[in-house]
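Quick heads-up: structures coming right below.
Paired with chain B in one complex and with chain C in the other, chain A is shared by the two complexes that follow.
Entry: the complex of A and B
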């Protein structure tokens, strides 16, 4: 096969190495399963490495029910996504970079969900933000991808900063950064005067990460990422980090009025908003993105309800959602690979050509719709049960859940029926067919899990859900997972959901038309974001124009003015101590004085620049002689050599500096110079007036030879006692030389 | 600057000043001097050559590229620091392989070790950094002046 150099992304198929990440992830999943039994029995393994001891920060990890469930999800779904990616990008040379970034993300996510130290958690939190940025912008040659990636980065990054501030305040109040210890101090936090501040900061972090209104818009935008990335980050794992953190910190912060009346309204509003906009999409992937926002807000709302049953419902729904949503995302990729499009107006009647895809999508969609006997049904029943027994706004919670669930039923219908049944076959690709095993294995397992967990809910209830609830609620779960809870309100509500959902499904095309029409008139928070960016840009631009006007003279004038003002403020706010001062001196002192003043008068009076610069060197030489006379030979040598080099450099630069445009006599600059010069002189005199603490000098004199085998203290300080500073300075010299090289050379070649 | 006397003198002086610079560098631990001052002095020697005999000649005499010298020097400081880090577990702790402790508690031997390597790194960084900027500046300014003249 001939290579096509014009399309660099198409290369030879990747070798067997492409399976390595999937295999590793699968093995790690297996390793984590061995903790299921101890964790269910209340033994939580810990791993602690002391890190910044003085600040009480440690590299601490702890595996309780919540962390373990997330670890299993991350590694298990990770294994399937890695396998999927290796097939999806099989003949794309970017596969390796994708796999590596995905692994970096998986490690960050794993660290985030198992960390037991607030600072450690934050570091991994930022790790997921950065890797997500790289993954969303994977098609970095596309403008839309870059924009979406930047949007995700800015919003989740800003939220991350707020979260960090909140965590630091929490650590300050608790006196520890260990989250498991913070969670024992719930009453302390809730009655503390900083509680509102902490709550707002932490919730900002959670809401931005988990795409709650008004920050929800970045998640549909992030669908610019390739399908495996969307399935992994933006449905199953990363976006759940916000939900995870709310659950994690619930014992410390949860259950207050503020908590309840923030999470329930925001959750409910986002939920309905997202599921309505999901109806508008014809691109299946985008539709799934909106239903993901809906799923996240459902969990947020349930955590807001705060009862034991609500937490159980939230945790169950979290697992339900992870299974069906990852399966659906991956299946949409299968539809796209198999038929050439993922827009349900362009594909139809595929059930005969893609039988396997049809089955997988069907199973997962049934779970999303919440039909028995799938896991989704159990989750939905528990949501209704929890809503009915909510202590706050029960009818509101149930009503919102009912509307959102009905819209989900309609969306499920669109995903599972439109592309597959009741129409003649239609696809952009000739001979549509099921894709290979690498693509279907993951979705099959995931949707199969949805069915298995529905049929045998006791197993997953005991192994995962009950430990999760125990970790979040701090008490054992009431009730148990079961498919059949008897006749009652929840069942009635389920029936109502299906009826309403079916109605919506059949009226779908009208609803979509309507949504299309009003779309532009509905206020969208994304416009605030855009406006904010534009404003930031113009402030930065105007600020730059104001500060950087390109005139060296004005830079120097401002720098000196600021220095002078600082010195004078310090002088005037201090107490004046004058040194003993006499106008007498040795002959050598007067000689130096004469040399310096004579050189200075040449600097100020000369009409030749070269003469002025050389005379400036004379001033420096005079100062060097002062150092020699008073015993600082090292400083004198350095001063002298530097003066020589400065004169040479200035003389070269002189050739390029403009000759005209600057007047000989400039009263304003003279005033600035006098202002600064007087300030420096005064401060020097004041320094002489104070007693100098010589204990450091004594220490160096005493230790220099015995400890460092050197009698020249200056040098010993430079290379031994303060060697680290010197090392930094050498690095600075290197960077300065490189920067000068780049600035001087780089632009010139282009100009030629 | 096309002074034959100056350029001849500079060529003759170059090795002498460089040796002087190395001497100043080496005695720096006990007498005034050291890597920083020695580096400056060596840089001045090459500056003299550059100003009198031209950049091309100065580059040829220097043999290595200035930025490579600076980078190598940075490497020397790093290795000098890591040496103590590996041997004693404290980054930048001085290692003196030729100094032994005598029976009466005093120490004697050749004071050569990680600190000297570190200081030599400083010497090279200063030399390379200064000359890197100087040569580039000179080349750019000279070439642009030529362009304007032609």
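Entry: the complex of A and C
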């Protein structure tokens, strides 16, 4: 886990260029705002480039309510994060690489949320996986960072593969990869026999990305990243991709029993689990990470409920969460820069020294706790409203939301009250003070937005929430966003939440003590992951030790064995036709046969190396005689020359190499060799038993003299018909000679 | 003769494989030679055997009838030369490996294998 604060490598301060990414992101945000009014009026701009036409894949983008809201969040929060990063890493030589990676990540995320083609979407999805790997592992010199980055990569990457399979099946069924067209075929998907498969695959992708149990553990681990990265990845972007995709595909896949009864229980369970463990954390950033898991689970659960009101609540909460979570992450960085620590136990009573930080954290935390008049209050009211009217397990949903929200109230107290109020000032730094404008501007805007949206809910409702709900639910939003919905159950539940939250906050020390005590006994899915990795490693290790044992002779033995088996498989699976040759021959045939077999037995059995080499020459000479007798004069000549050279070279090598004892008989090797040799003999007999097609030979015989003017047909083939082949052969010999020369002449170091 | 050649080809391959599995560099090279010889015999015999009539077009004629199959002979010529090149290179490697690694035992040459010392060079 990320208990160590970021330690920048100090160098010269970066130049003015460091603000470029923030400015560009701000400009792109402005550009996207011009689409707000067309999208709200039902005009969705599209941009399509044909890509793989034969597979029906296109590079398609479409901006509907959901995509636009994400695009604004990604660019808007991106601008603030870039600005923050340029101040946070002002004197760090890694600033440029951080900025570039963040930009690559932002582009991937933007592509992912605006893509209208399943394959395009997947490519950007993987883009976020890879860039987030680089971002989480930014402090790559730390073991914990590398481990966290790899964990995030493996889990989200594995989920990505499942998702890809699911998307491909969907494309196959729909006959199109355009998501907007798939979403019109909801009934087809839901009644299709492959629905369960698709659902499981897609949800695996979403759950891994959005850190739902049992994959939740990578997200707190990913806090190893520097603060600006965490703020970006965990507020509006990376982890929300899973929620985005669930919402995106809701018209196609949502609302079934399977959907409802997967999303609600997993969402509710992860939500409560994460908010309980959030209270245990000492590192404020890590605490926020757990509340992020809680926020994602809340959205998952609400999407599971599937009613119009629930979708509206989920979308509202998505915006609420993006504002307060980005603000809180960034302001935890402000606490750290201002006071020297972000450890819950090391900072206290900072309100006088850090007034601005106190205000920002306070506003954001009030939104997280869901207190009026902040945006969080509206979100929470809508969640209760949706839960109460759920068609499935209404009481369960409301109960889970109540517990989780109360825990959020306590967590808000942890981050906003303890470090600032009711205690004497305590900080590692001697003179704690608010950090510079680059660090506070972003958080101030974000927490300010939380307040503004709470005060003027109608504006954000009309511009963003209603188009989002229309995109996800496929029908206009029922109801509207308002701060005051009158007296009713939701308000009562809110009051209950605050009461329970306050109670939890005052009992916080006892609860934390209790959590510390039981921590080690609670089963953690991270251990399954670790166990799985260890098992993979040992399987790979044992496998390669088994296959690659370092003994060359065993490699050879296996190679020969495989060759022999392949030959015998081919023989036994074909039809047996014995050749019609009798075991008879001319006298000279027998003589050659005897010469070769006798030479062979000398090579195999002789204890004298010189005798063996001579006998090897005998084998070659015998073969040369075969060539002479059966009309291959040129071949025989070549064979003879080569054999002589071989014997000479072997003899030279023999002198240079040490004498070794007589080799003993090796039955196992003999068996393998005999098996192979017998296979060769048998297959050759089979070959000889079949008819031969001589058309190619006839061609050469007919054309040799009339066209190439050569009487020696073999030579004509070599230098004329197959001249290039011979040239290649010459080249091979030249290369062999050069390589041999190099081998012999390379450094003459001797080691005995 | 065909059966004899088939038996010889098999015997050469078997002897070659046996020698290659010996685990010392020199017998390995013997085995390599034998297997390439065997391959040549196989190609030659697969083109069928014709006793004593080389594929040479006589003076004053344009064709020759019933001569030995010329195509396998051309292939073998190439194969012999290439096999020779391979053998010489392997021979140099064997010589060199003895001088660098100090052994002719193939099973002791595992500097590139996992879990052993790095290559002494």
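The working rule: the second predicted complex is superposed on the first by the 544 of 752 C-alpha atoms of A that agree within 3 Å, B and C clash if a C-alpha of one lies under 4 Å from a C-alpha of the other, contacts with A are read in each partner's own complex, and residues count from 1 in each chain.
Heads up, the rule we're going with is that a residue touches a chain if its C-beta (ideal position, glycine included) is under 8 Å from a C-beta of that chain, and two chains touch if they have at least 3 such contacts.
Bear in mind the structure is a predicted one, so any value in this text is a computation, not a measurement.
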When both partners are placed on the shared chain, which of chain B and chain C touches more of chain A: C
First, second, both or neither for A:548, with chain B first and chain C second: second
Chain B versus chain C as contact partner of A:656, first or second or both or neither: both
Partner chain(s) touched by A:633 [first = chain B, second = chain C, both, neither]: both
Partner chain(s) touched by A:669 [first = chain B, second = chain C, both, neither]: second
First, second, both or neither for A:712, with chain B first and chain C second: both
Partner chain(s) touched by A:644 [first = chain B, second = chain C, both, neither]: first
Touching partner for A:34 - first (chain B), second (chain C), both, neither: neither
Partner chain(s) touched by A:517 [first = chain B, second = chain C, both, neither]: neither
First, second, both or neither for A:737, with chain B first and chain C second: both
Overlap of the chain B and chain C footprints on chain A, listed as residue numbers: 633-634, 638, 642, 645, 649, 653, 656, 710-712, 714, 718, 726, 733, 736-737, 740, 744, 748
Contact footprint of chain A on chain B as seen in their complex: 24, 28-37, 40-41, 43-44, 47, 51, 66-67, 70-71, 73-74, 77-78, 81, 91-92, 94, 96, 99, 107, 111, 115, 118-119, 121-122, 125-126, 128-130, 132-134, 136-138, 140-141, 143-145
Contacting residues of chain C [partner chain A, same complex]: 1-27, 29-30, 33-34, 37-38, 40-42, 44-59, 61-64, 67-71, 73-74, 76-78, 80-89, 91-96, 98-102, 104, 106-107, 109-110, 113-116, 120-121
Residues of chain A defined as touching chain B within the complex: 633-634, 637-638, 641-642, 644-645, 648-649, 652-653, 655-656, 708-712, 714-716, 718-720, 723-724, 726-727, 730-731, 733-734, 736-738, 740-741, 744-745, 748
List of chain A residues in touch with chain C within their complex: 544-545, 548, 550-553, 556-557, 560, 579, 581, 583, 585-586, 589-590, 592-593, 596-597, 600, 603-604, 609, 612-613, 616, 619-620, 623, 626-627, 629-635, 638-639, 642, 645-646, 649-650, 653-654, 656-658, 660, 663, 666, 669-670, 672-674, 676-682, 684-685, 687-688, 692, 694, 696-697, 700-702, 704-706, 710-714, 717-718, 722, 725-726, 729, 732-733, 736-737, 739-740, 743-744, 746-752
